[in-house]
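Below, each structure is written out as structure tokens.
What follows is chain A paired twice: with chain B in the first complex and chain C in the second.
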Partner chain A sequence: MKKVSQYLVLVLMSVMTVSATAAGQDADEIMKKSHLAYYYAGDDGQAEVTMTLIDKKGKERGREFSMLRLDLEEGGNQKYYTYFKKPSDVSRLTFMVHKSSGGNDQRWIYVPAVDLVKPISADDKNSSFVGSDFSYEDVSGRHWSEDNHTFVKEGELDGKAVFVIESVPKEKYKGFSRKVSYIDKTTLLPVKEEYFDKKDELIRVFTAEKIEEIDGIPTVTIRSMENIKKGTRTVVDFAQITYNVGIQDNIFTERYLKTPPRNFIK
Partner chain B sequence: MRKTALIITALGLLLTAAAPSQAEVTLDGFLQGLYGARLDEDNPTSTEHTASETRLQLRAEHFGDRAEFFGRLDFVWDGSDTVEYDWELREGYLKFRLGKYFDFKVGRQILTWGTGDLIFINDVFAKDYRSFFIGRDDQYLKAPQNAIRAEFYHDIGSLSLVWTPRFEANRLPTGRRLSYFNPMAGDIVGTGLGDEFYFDPPLPEPKFENGEIATRFQRTVGNFNAAVYFYKGFYKNPMAMDIASMTAFYPILNVYGASMRGAAMGGILWLEGGYFDSREDKDGDNPFIPNSSLTGMVGFERQVAANLTVNGQWQFDYMTDYDIYKAQQPEGVFVRDEVKHLFTSRVTKRLNMETVTLSGFVFYSPSDEDAYIRLSAEYKYTDEITLMAGGNIFDGNYANTDLGRFAINDNAYVKITYGF
Partner chain C sequence: MKRRITEFSIKYPWTVIGIAVVITAFFAMQFPKMKVDTDPQNMLEADEPTRLFHQFTKEEFNLYDFIAVGVVNEPTAFTPDMLNRIYDITTEIEEIDGVILEDIMSLTTVDDIKQGGGGSLIIEPLMSEKIESQEEADYILGRIKNSPILKGKLASDDGKAIAIFIPLESKDVSHRVAGQIREITDRFGGGERYHIAGLPLAEDSFGSEMFVQMAYSAPAALLIIMLLLLAFFRQMRIVMAPMIVAMMSVIWAMGLLILTGNTVHIMSSMIPIFLIPISVLNSIHIISEFHDHYKRYKHKDATIRHSINELFVPMLFTSMTTVAGFVSLALTPIPPVRVFGIFVAFGIVVAWFLSLTINPAIGMLISTKALRNFGKADDSHGPLSKVMHTFRDLARRRNKSIIGVAAAVVVVAAVGLTLIEVNDNPVKWFKKSHPIRQADIVMNNHLAGTYMNYLVFESEDADYMKDPQVLGYMEKLQRELEKDEVVGGTTGLTDIVKKVRYELFGADSARAAIPDNQIEVAQMLFLFEMSGGDPDDLFKFVTNDYSKSNLWVQLRNGDNQLVQRVVDRGNAFMASNPPPEGLNIQWAGLPYINIEWQKQMVTGMRSSLLSSYLVVFIMMIFLFRSLRWGLISMLPLSITIMAIYAFIGYIGKPYDMPVAVLSSLTLGLSIDFAIHFIQRLRMIHARTNNFNESFHEIFEGAGRAISRNVMVIAIGFIPMMFSTLVPYITVGSFFLAIIVVSGLVTMLLLPALSVAFNRTLLPVIKKATGKVADRASGRAA
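Up next, the complex of A and B:
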């Protein structure tokens, strides 16, 4: 009898392990699909972006820029091109990123007032993007394979059916020690993300404020990031979005950094 | 010359504005007040302040399907020197593409290349140290040149050719608001001692063969951008002396150089070198014309903490035929080393959602025993209004070294800018 119960326990344990693995794979699969839906929509994309930075006293600052993106491989390397329009002191400044999903990204800036092309040290992906609450990594994406994902539950958020998934970095990471994502079941876009620090205190909250269908692709057109600790918030509005416009690889070079591609950037 | 440039700009603006295109002319710019005070009392200059000016910069841009025009025009009310209104066309150029491989930029333009941070070896384009030393914006370090730039882009690399028909010299302190070293007087001088110390050396004759040619070929090698350079023209500073007329002049110069820059060790690493071929003193035996020299530098920049970037550079300068040079120097003056060393470091800290920027830049030469420190604090009060305060501190043990010659020009300034 004892042997049978031991055997039963063993069987139960292995079944549990199997189901746990299955759920783990599901979580991985969901996060992968979500990453692709959010960061790799279409083969390329173009948008006019307005950023509003709100400090803890409610004072607002604005950034306006055009953005181009090209996917070299789905879920892999990408290239980004940014042309600043406002504020006045950074107008016509261009910025380029070669995102390497395996290694370190490469970044360049061009300052037209002094005709200066300069590579920027891209060591810290967590540093702020143009002073906003979004980091460079928030803009170009942290690869899903860098975290272990666990399926928490299915739920509902703002009337949308969501998967709730918890992610923990595989290696010690400065950006967060735990992240809870609420992934829309139908679009697979992140509706909300909560970032926790090593004391497990909530530090930042991402919210997809508005999701629209653009060229048949569900797209987050208004997003926000709130820094709970600093009391600051950034709202980003993507307008005039187009996908699959035929952006060529050669645009992401010094030549176009110095002379913006006017067929895409007005 | 200036009038012609203005007329051309005005015409360009009118024409491009009149052209039936979907794009329109965009206008923006800034209004700025800059006030600088001296920190040294015994400066032999003739102005009370290093800066007391109000500046309006207007930028106009227009692009059509085939070409784009850009103009940047400054109006300055300068109360530091003799009270006067002045204006300068900073940029006014047409940019267009020919075929698949060629880009052209024609007109008045700012030009930059090379890898150094405020150290220029193969960048033999005009600098404006008068602006740089008194707290004007960084963009004013670069003086415009009337030039044609042709660029050829290909898979094997890109080739740039810049032709400047009329030599454009560096803008150096004239003695009015900043003093300088005069080898004849053997001391630091300024116009406070007399108008004869107003420094305005004659430029090379405006002949076709006195134009400047600067070329660069660059390509990507692994993680690095590699480039070779060639320059034919004149020393940008009047480093030679005509003994008959006792005036300084710009001696003929060729520069051959190379550079590399790219990501390494979690930051950006750069290397650059150049041979300054002093064409009028090939043997180094003329004491009134600089000897040829070989110079090189290495620099590294890294983000060391959140919003804190630090860099460092080391430059050496080896003078050829040094023994001849040394033997020719008069008694009692400081004679430079055969190999001169210069170290620099920049520290930049951004705070409060990048609205506050603290910056320090130090030049220090152990061989020349001189130094130059630039400090600034900037606060973006709103997207439009920026407040800034800063200082320029020089130090040197000898009056005739590169930085020591400006030793009594220490100044502090405040600046307010309204961008639109």
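Up next, the complex of A and C:
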């Protein structure tokens, strides 16, 4: 009798372990696919971006820039090129990122007023991107392997069937202590993300405001990030999106920072 | 009227006591609803422009009131161990409730703009992770000294002191947060010393300690007064009556204050301690009179009737004048002072009424047996009488010298009054040995200061603040303000632009200047936002549309006088160097608010003192129906106020809030002695119609009653002198001085004057007619 019960406990325990691992793998897999769908659409891409920064009193200020992206490997290294058009006092300012999925990213900025190209640091990925509520990491992506993901449940959000996944950084991280993602089951794009700080208070909420199919690829064309604590919000509108336009690697060099490539930047 | 009240109390003592107890219970039930408020900002009206502008500035630039933690270590605080400890401490402080964690300024959180590898520009925290070597520690200190934004603020140049600035959701959590920080530093700390400073902490901690003081001072005053009365009258049951009157007056006044929705502020917390000694005064006169005459009348009711009859007019007038002194505070523009004045006045009215009812009622309830020895001890040979007789002899024989000395005091005091310096600083409400004072001294010695004022640059146009002309003007103003040694440093948009430009060009000092075109300014600022600079850091100095900018002016000392000096310097510069077209510059900040309310307090107190002085003078003329006596009655309080304030001027004690409020009290109380002395001297004279006889008698019963009152008030305030809070000590010790001085003036100068001018002041009436004759005969019967 005793043996039987011991055996039962053993079986139960192993079943639980197996299912837990399965869910864990599921969550990792979902987050990986979502990351690829969101950050690596096509082999390259081009867009006209309008960013609206809304402060807590509702006052708005805008930024407009053209953006080029080239994927060197799926889920791996990427290059970004940004050409600012507005605000007018920073027009012609350009910015470039060589994203390295393993090590540190490299960033350069060209400051037209003093005609100078300057490498700028990328140590703090959590810092704000051009003063918006998006961080550099939100723009170029936080690698899925940096967090432990747990499958919470399947659910529904705004009429979409979603996976709800909770992510906790493996190493202590300033950006968040916990993140809850709602991943669209069909497109695998994140529909909503909630970021919590170390007091476990909600600090930021990402929302995919509009998802459209561009060249057959589901794309978030309007996204927003709300900073709950500060009461600020940033809305980013991607227009004239095109994928697989044949952007060359040599565009992402110092030469083109000073003189933008006319065939891509209007 | 008076007869009816007294008769009712004599006939139905239990009913009177019962009603009083019910009303007292009702007011006591309000106490749990008490709301505390220690914010000196509330010294100003809620819609006061200075206050609104400060609030606007805080919102516009996302500023919070902050407290500062200082770490001091010899020979240096910059060792890997120490810095790693600060790393841990900061991490723990971030988790305290009420702390704005994003805005904490510590080595581990504050961004530094610097050169990275490959000539890159980096903006990152000075110390983003724990360090291992001394070189790293030295490097961090070097970075702080190199940055105009951080120099002197986060660490002293000699490396002995490091500061952490902790912004708070609201000022009223400072005391609690400071306590939690102390737990953390105790846990992590080694040999180094930790200090916690800042105006919000001083203000909030004052509130908590205030209640300890209230809970201790008020009962202590009651106890001391009770013991003193027991020594005077040697009859516990009789002494209970004034105690009950005092307690009830306090409960009624505080109960009504709470019931009417007023908060208990620094000022109103002093109501009990003021009311207790004042409210026993009338009772002491009644009991003294009862004591002196009981053996003659033998019947309680007859003795009570006599005492009340004799004292009704002087009691009414002394209460009315004290009320006038306090009510005049209602004319000040400072809400807490108004509340204080009105409710002390209310308490005095209550005390007056209760004295007339509770005293007779309790007197009736004491068994005749218990009173059989009451008043038997012959007071006219007691020690008090001996003192009174000495005074009588002095006033008679040396009346000219006394008048001469008084005149000399007035002259010397007039000079002293011109030396008065108006000054205040909430941090100095604590004794020098208090940790908050110590922290203030140490941190402001080492660092750029824990007091923060702001100069807000405003314009209508977006991007206005990027104009090199505007930034150039701001820079000149900064250099001008920094000439004052109290200014530990200034930080503005200028410093960010200059620092970015300096680092962009590879740490080229020649480039650490405002560029001459607006596009370049704009791109420097954009570069700051692009290279990892926290936009929130930027927007503490400029609004996001660049129409307004905020210059931080850090001060090492929060004394209003010194803050005023800095403000004056800035204003003078702006007057002689007009700012660019379309630019408006205004001050904000807690220290600035403090100087604003102090200004209002000084002018407010002046007009309140003058008006109550006038009202009391008119009342005196009316009471004595004589301009001459009216003038003389004003002498004790006039000389006392002059002498006390001259003393403040001579010793260099700053004229601050408690000192200012004392003037009204002095006025209300010193006049009482004069009223009792003059009124009763004239009543005696009406009876005796002989100056020598009247002069002899006034130093007996009335003299003893007045000197008992002097002692009660003087001693009743002594517990305040042992407080840990300076305003309480000030009030306690000055009260002692005020009462002793005005008692002396009353008992020496007034008799001396009456001797010198007895023919005009107290003439012998040849034919006793009318009322005087009636009274005289009534008395004799």
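Structural remarks
Note that the second predicted complex is superposed on the first by the 266 of 266 C-alpha atoms of A that agree within 3 Å, B and C clash if a C-alpha of one lies under 4 Å from a C-alpha of the other, contacts with A are read in each partner's own complex, and residues count from 1 in each chain.
The rule we apply is simple: a residue touches a chain if its C-beta (ideal position, glycine included) is under 8 Å from a C-beta of that chain, and two chains touch if they have at least 3 such contacts.
Being a predicted model, the structure only gives us computed values, none of them experimental.
Partners chain B and chain C, once the complexes are superposed on chain A, run into each other and clash.
By the touch criterion defined above, A:K210 reaches neither chain B nor chain C. In the superposed model, A:K170 lies in contact with neither chain B nor chain C.
Once the two complexes are overlaid on the shared chain, A:N104 sits against chain B while remaining clear of chain C. Contacts of A:D115 after superposition on the shared chain: chain B is touched, whereas chain C is not.
Contacts of A:E254 after superposition on the shared chain: chain B is touched, whereas chain C is not. Contacts of A:D89 after superposition: both chain B and chain C are touched. In the overlay built on the shared chain, the residue A:R262 is in contact with chain B alone; chain C does not reach it. Contact with chain B, but none with chain C, is seen for A:G62 once the two complexes are overlaid on the shared chain. Residue overlap on chain A between its contacts with chain B in one complex and with chain C in the other: 53, 55, 61, 87, 89, 113-114, 116, 119-124, 127-128, 130-131. In the complex of the two chains, the chain C residues touching chain A come out as 62, 94-95, 101-102, 116, 118-125, 128, 463, 466, 504-505, 515, 517-520, 522-523, 526-527, 529-536, 538, 544-545. Contacts from chain A toward chain C in the complex involve residues 53, 55, 59, 61, 87, 89-90, 93, 95, 109, 111-114, 116, 118-124, 127-128, 130-131, 136, 197-199, 229-230. Put simply, chain B touches chain A in their complex at residues 23, 28-30, 59, 61, 63, 65, 68, 72, 95, 97, 103, 109-112, 138-139, 141-142, 151, 153, 158, 223, 225, 261-263, 266-268, 301-303, 306-307, 309, 350, 352-355, 380, 382-384, 386, 417, 419-420.
Against chain B, in their complex, chain A makes its touches with residues 53, 55, 61-62, 86-89, 91-92, 104, 106, 113-116, 119-124, 126-128, 130-132, 232, 253-255, 259, 262, 266.
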